[in-house]
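One structure is given here, and the rest of the page talks about it.
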Amino acid sequence: MKIKLFLQIIISLLSFPLVPFRVRRRESGSFKFQNSILSLCLFWVALFFFVIKPLAFAEEKIPVFPSTPVEAYTIYASLAVFWLAIIGLIVIIKMKLNEIDRIQKLGIDKEDNEAPLLD
Amino acid sequence: MIWPKFKDWIDERYDIAELKKLAKSKLIPQHRYDFLYYTGGITLFLFILQFITGMLLAFYYIPHIDFAYESIIDIVTKINMGWFFRSLHHWGAQLCIVFVFIHLFGTLLVKSYRKPRELLWVTGFILLVISIFFGLSGYLMLWDERAFAAVRVATGGAGALPFVGSFIKIFLRGGVDVSGDTLTRFYAFHVSILPLLSLLLIGLHLLFVQYHGMSTPVSLEKKEHKEEPFFPNVFYKDMMIWLVVLGVVVTLAILLPPEIGKKANALAPPPEGIKPEWYFLFLLETLKLFPGIIWGFNGETIAIVCVSIGIFFFFLIPFLDRKSSRGEKSPIFTIIAVVYLLYFITMTLVGFLS
Amino acid sequence: MKLKYSLITRRQFLNTLFGGSLIAFFSGTIFSLTKFAFPTLGKEPDFVVLNKTDFADIPKNSAKTFAWGGVPGLYLKKEDGSVAALKGVCTHMECNVTYRPAEKKFYCACHKGWFDETGKNIAGPPPKPLEFFEVTEKGEKLIIARKGAKVDLAKV
């Protein structure tokens, strides 16, 4: 049961991953808010399923998860790497979004149909 | 270097200027409730995840009562990463249905079903029924005690409808009782019929969304609000959220793989404390509220009829809510929406805790 | 020395970073998908164990089939009494071969390929000779093993 409690904390932490990025523009504030709403949803979903689900299962043990410790640790390590990859991707996408916001603020993202062609 | 060349190749053959203009013109309003706009996308993402993991599992699953259970044990114990994809399919299904309900109640509460978007509600409602049936049919594939009993109760419940009940029951079961024919039939539903139907309906649903654009809540419609372009701003935000959802599903799949119970036995009693999947609990608890005999009539039939009326009313809300069709505030239907939501949550919790 | 202007634009930097991470992410996903798609069941065995009594008394110049995974193996007793075992699968398109005692050759009906007693491909399209196994006797059992395969005696 102790391991379950420990894992419960990890899952709750992992489902709450959206660190509020340092947004430079104020209009991205609503996104910060809705981001936290969604992560709150995901957090409660994860919590809910984690506590309730295990109580409903049969005793007969068919190994639904690799039993050897080597495989188990590989899997947990891969999970950690996977989350790092996701966080990395999210960071990069946020960087892209900031850049897009900056460009749109400057107004230089529109295609200029009046621009003369060089012949 | 490759990307511009690729774009030129397409440009020399297809005139997609119109499409590009259309894509660029898609704008998403920004307001207090705009987080609801993402719920549909998350549901779509989870649906796609289910399609992919489902296709993978279909490589090794055998839909015959003598082999179904054993093939799943093979997948979980012998195939490379089989346990993972089965677990992922299970959790993907759970989260998909959660988000279907979140999306449903979200649109209900902000009344985005109102004119001109009634068909979105209709297609969405049918998709809800399809999702639930996906869940039930997929669940039977394991052919364990719990699934067997659950399908018996669910199809038996449908059979309690007056007049059409027995036809529906025999159609779903492929016979009078749940048997190998039921498994084959549910497999056909789960792997072929429902995917094709859902693809068609999701296509229509998305088409209507693009046609009408995003709706804003009635109270905020008249006010000035900012809009941001879907491409690229909201597209990237969608991507971020989908990545997080993927992370959550994978984490759940790894840390909480679903168990495999004992193989189903048609002659054995159901296991102790058996319950259906959580998205059926509110129906079960509602049925339990009705006494066995009401004024001389079969209580179960009356219960099913009442539940059906409730669901039918729910389906008709966009057509009954005249005020919001006119663009006015409709507090009665807000209350109705809140009642439905609270009822659903309460009955589901009651089902869990009892 | 500090450069006045950047060598790459912001856009190039971000897009490369993004594209690169996407590729890394998806290659991991595709790797696990392909691992799943290639089955672990039904692999060819390294050796099989047979009962000597089933095979010791077959007539000379005949072959008896035994199971080698999902394909037939042939236990051959030659004219002089010596025995051999081989995989009864043609090296051309993997059809099953049969032993023709009259010609003392193996015949593949799919494309009319012929192999001699030693398995060498002598006529027709087969490009390589038949694969022969090592036969060892252990008490009441016959062990037919792939050449060079380690036979784990505990499993026998």
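We just call them A, B and C in the order they show up, numbering each chain from 1.
Assume a residue touches a chain if its C-beta (ideal position, glycine included) is under 8 Å from a C-beta of that chain, and two chains touch if they have at least 3 such contacts.
Predicted, not measured: the structure shown is a model, and the values here were computed from it.
The most central chain, judged by the distance from its Cα centroid to the centroid of all protein Cα atoms shown, is B.
For the interfaces A-B and A-C, the C-beta contact count is higher for A-B. Centre-to-centre, using mean CA coordinates, chain A is 45 Å away from chain C.
Measuring from the averaged C-alpha position of chain A to that of chain B gives a distance of 22 Å. Residue numbers of chain C whose C-beta contacts span two or more other chains: none are found.
Each of residues 82, 86, 89, 93, 96 in chain A touches at least two other chains. On chain A, the positions that touch chain C within their shared complex are 82, 85-86, 88-89, 92-93, 95-96, 99.
The touching residues of chain B, when paired with chain A in their complex, are 30-32, 34-35, 38, 73, 76-77, 83, 86-87, 94-95, 98, 102, 145-146, 226, 232-233, 236-237, 239-241, 243-248, 250-252, 254-262, 271, 273, 275, 278, 352. Those residues of chain B that touch chain C in the complex are listed here as 56, 59-60, 74, 78-82, 84-85. For chain A in complex with chain B, the residues that touch the partner chain are 7, 10-11, 14-15, 17-18, 27, 30-31, 33-35, 37-39, 41-42, 45-46, 49-50, 52-54, 56-58, 60, 62-66, 75-76, 79, 82-83, 86, 89-90, 93-94, 96-97, 100-101, 104.
Listed in rising order, the residues of chain C touching chain B in the complex are 32-33, 35-41.
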